[in-house]
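Here the structure is laid out as structure tokens; the discussion comes afterwards.
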Amino acid sequence: MSPAEWQIVALSLRVTLIAVAMTLPVAYGLAWVLARNRFPGRFLLDALVHLPLVLPPVVTGYVLLLTFGRNGPIGAFLEQTLGISLVFHWTGAALAAAVMALPLMVRAMRLSIEAVDRKLVDAARTLGAGRLRAFFTVTLPLSLPGILAGGVLGFARAIGEFGATITFAANIPGETRTLPLAIYTKLQLPGGEIAVARLAIIAVILSLGALILSEWLVRRSAGKDAHVL
Amino acid sequence: ASQPRGPIVFAASSLQKPLEELASLWVEKGNDPLVLSFASSATLARQIDNGSLSDLYISADEQWIEYLVTAGRLDDSAVRVVATNSLVLAIYGEEGALLASQNVPTTRKFVTTGKITTGDPETVPLGRFAEQWLQSAGLWDAAKPHLVPAQSSGAAVKLVLIREADGGILYASDAASIKRLVAIRAIPPESHSPIVYQAVLLPSSAHPDAGDFLEFLASDEARQAFARYGFGVP
Amino acid sequence: MSFNLQVNQRLGDCTIDAAIQSDDRLIAITGPSGVGKTSLLNCIAGLATPAAGHIIIDGRTLFDSTSELNLPPDARGCGYVFQDNRLFPHKKVLANLIYGLTRKAESAALMSFDDTVKLLGIGHLLDRWPVALSGGEARRVAIGRALLSVPSFLLLDEPLASLDASRGEQLLCAIERIRDELNLPIIYVSHDRSEIDRLATTVLAMD
Amino acid sequence: MSPAEWQIVALSLRVTLIAVAMTLPVAYGLAWVLARNRFPGRFLLDALVHLPLVLPPVVTGYVLLLTFGRNGPIGAFLEQTLGISLVFHWTGAALAAAVMALPLMVRAMRLSIEAVDRKLVDAARTLGAGRLRAFFTVTLPLSLPGILAGGVLGFARAIGEFGATITFAANIPGETRTLPLAIYTKLQLPGGEIAVARLAIIAVILSLGALILSEWLVRRSAGKDAHVL
Amino acid sequence: MSFNLQVNQRLGDCTIDAAIQSDDRLIAITGPSGVGKTSLLNCIAGLATPAAGHIIIDGRTLFDSTSELNLPPDARGCGYVFQDNRLFPHKKVLANLIYGLTRKAESAALMSFDDTVKLLGIGHLLDRWPVALSGGEARRVAIGRALLSVPSFLLLDEPLASLDASRGEQLLCAIERIRDELNLPIIYVSHDRSEIDRLATTVLAMD
């Protein structure tokens, strides 16, 4: 790989990993709330989580621009109070990737949480575990397959995210030009096919890596899972 | 971020090749490297409207310059035309192949046979110019069923190159700079609005070199670069 | 008083209406299948809420519908051997056994870990996953987990089911010892007349 | 809604529903193979299924163009033998939506299939059910939560699909201009914001509909599921 | 000969080495917990494959390691009451009961549907989901499902566990009838000495 390609890969990995790492707990929290609680507004929350999946990514990017942009309500607040600027920064690319990956992660996790037998949670409670300990020692580990599946889906979605990123974070080399944006940029050039193919193969290899990692993690916990499930 | 860098330039994707060459020329002159962000003119304009940090905007679409002027984001007196373009009818062909004159279809036949691609008239400037021409030539209704609206001028070129389209109404610049595209006829420029690429210094720009780069874009040296890629010069 | 229970509960078409007061340290519950024995234990453990009544064990009120008191399961301090074991499938046998050990000891542990493991004959299983246990092995681990959880009273739902005679005999002895020496209130559900006769003088026959 | 908006909605629904309906059995088959079988090449298949998630949608569209286009190997075959043409047709939009939805559907279904207790399949076999009957009477119904979750994810992804569609099927009003493409078109026009908002709201309402439908289906089978799971 | 079994199998650290030949229609298997009784039944049902040996029931070879014959479970025609019930959670009780009825009847049904339901006392449960059953109710449904599956032999893994005495007595009578009148080979796993003494003359004591 050329140094320029290295830079793109490094940036993409940084953006994607941060996006997935930040989204994992949020997604799990949402999945848990949606799976285990009945409250007014639950349906609205469900719909809201799905939104980035339904809207064309460009629109999501535009909404992010209106909200987190320097003139947007949250963006202005972040910039004035914390000095954090998201637009046109790699952090903005991470935000866009995170938002796009969220619905996929929530669904997979929710599916696994709903499959956890509540009788086991009950058993933990009689053994003296409070709600919190029962959650961390029973629900959370038993929904691991969903966390891993959600992680893989989220990683793949985040590393491939294009529309929201270019709209919200722009296409700035070294700052927000992730793999998909680099591919797009090359695709606009006549004769860019070879560069496109090279970059696409790199993207594929990266996510194969994520896939292998997740399968390995699943297998590591297979001693129990192969039987539990 | 610690390295010194030149101005941030938001530019229409169709200008990618000449601008990248100009960017290296700029560095060769001892300047700090530019930051180039390519996207569609519309995407860039919306980003500028929402407070982008860029110093310069180079648009392929007058509409969006007007939009930003109306929105009070920029001053139209600062707008400079840096290049122009024109339309051609183009097909896929071997490099340097000269078409025997009897094989060249008439314009009417060209736009009413098989699939002809151009930009989407609603979203892509290329397509808007093509529609203007077809309307003025009285060919629009006959051609419309044959048109495949592509999402950018680059995408239209791709469709011709992989021969999913039998031909295209494309920018002369693309036909001139791409080996396997053969322009078989030029479209009279007066049949559509002028195709101009406008550069403008954004009022929010704080970079000391931004003005200089705009001057450089309008220089003879820059014009030669644009011309090398098939663009017209103002 | 060891037990002062009055529980009123509807479950589908089945109504449970049980009341018992007793000074005995161990009471047995018996009755045909489906009469509501397990449901009653669930109410006592705090996993189900009776429609009305009160649950007072060893003078401690766990539930009272009139004063709207309803302690959560983890505050009741019961050692519950479930009819269906409910071992944690993602924890090995050892981790299952010590899960309840973190409970703040109001009472002391019934037996040491080593004694419990020896009594139940599960020493060779500590490193196994629950799925790799036979029916009787899983039963013994479930009993061990409840005994080790530092409980203030025991709920045993057919604890000897699927155990062989000699192992059952050993366990009965242990239960007698817990009843007499440690003075722990025990509710014992069983279908086996001889077990009940041997352990209990107070029998709640549900029907 | 204006007649033009109705037309867009009708087209979007047709494209999405056909895409999801065609993909469901394929996705379930792939999910089953990946969940229950170990064979050489399994990992490759897994990677292949994830591909459309990882690659930027434009690239997927471009690959579709090269494969299913008039000059592509499959496209040429389809056109010559069956007279079916996909490029620049609504059927092509459906293909693009299907390909993009596939990985999400497979993952959700696979998660549910892996959660089906094999002991129940064993029980069915001792009761005289062959592999096929055991599959249709035990594995399939018990993985219903995954089928529904996959269906919702797939529907949402398909109705929001933009990049691959515009690249493979172009943006032809009445033929391939689905909701996301219509939204994009309006977004490219200065002052199109109100039209964008209207169309985005329609997209949201449609997927809310799908969400409600799926929740209702889940609840309908809740008698068992609330307890099974 | 009713039974001609020789099974050699390793399971984790446990080795099963069982051989029995008998003309009796019912043989009992007993032995301490974890000795391999359930594993042996699984081999006979075709759910596990022995490392070596043969399984011949009523003259029909189900498995033979020398000739590499290994019938799949659905071709063996066994009625298996699992130690852990394994009711289908997504089917109501009725659907569970009739699941095996579609089997092509080589032998005739043991008992009519109505008789089976009456014997087991599960008539009022037919419209229930399995999760809403008590322990003993689920056990009876599992027995009913196996009996109704038109089996050519029965595998009963502690069938009377968690049933009350009177229900157990009724079932024992039914098993005796099936053994004597219908002449069906039965393998009966139990820990209960009195049950075994009553039903079987041939006892395989594993250890």
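The letters A, B, C, D and E name the chains in turn, as written, and every chain counts its residues from 1.
To be clear about the criterion, a contact is a pair of C-beta atoms (placed from the backbone, for glycine too) under 8 Å apart; a residue touches a chain by one contact, two chains touch by 3 or more.
Predicted, not measured: the structure shown is a model, and the values here were computed from it.
The chains touching chain C as well as chain D are A, E.
Mean C-alpha positions place chain A and chain B at a centre distance of 35 Å. Here the spacing of chain A and chain D, counted between their Cα centres, is 20 Å. Distance between chain centres (mean CA atoms), chain B to chain E: 79 Å. The distance from the centre of chain A to the centre of chain E, each centre being the mean of the chain's C-alpha atoms, comes to 50 Å.
Among the residues of chain B, those in touch with two or more other chains are 46, 158.
In chain A, the residues that reach two or more other chains under the touch definition are 58, 62, 187. Residues of chain C found to touch two or more other chains are 84, 132. The list of touching chain pairs reads A-B, A-C, A-D, B-D, C-E, D-E.
Those residues of chain E lying in contact with chain D across their complex are 45-47, 72-74, 76-80, 82, 84, 86, 88-90, 99-100, 102-104, 129, 131-132, 145-146, 149-150.
For chain A in complex with chain B, the touching residues are 58, 62, 65-66, 69-72, 87-88, 166-167, 170-176, 185, 187-191. Only residues 43, 46-47, 50-51, 53-59, 62, 103-104, 107-108, 110-112, 114-117, 145-146, 149, 152-153, 156-157, 159-163, 179-181, 183-184, 187, 196, 200, 203-204, 206-208, 211-212, 215, 229 of chain A touch chain D when the two sit together in their complex. Those residues of chain A whose C-beta lies close enough to touch chain C in the complex are 119-120, 122-130, 134, 137-138, 141-142, 144, 221, 223-225, 227-228. Against chain D, the residues of chain B that register as touching in their complex are 40, 42, 45-46, 63-64, 66-67, 115, 120, 122-124, 148-151, 155, 158-159, 162-164.
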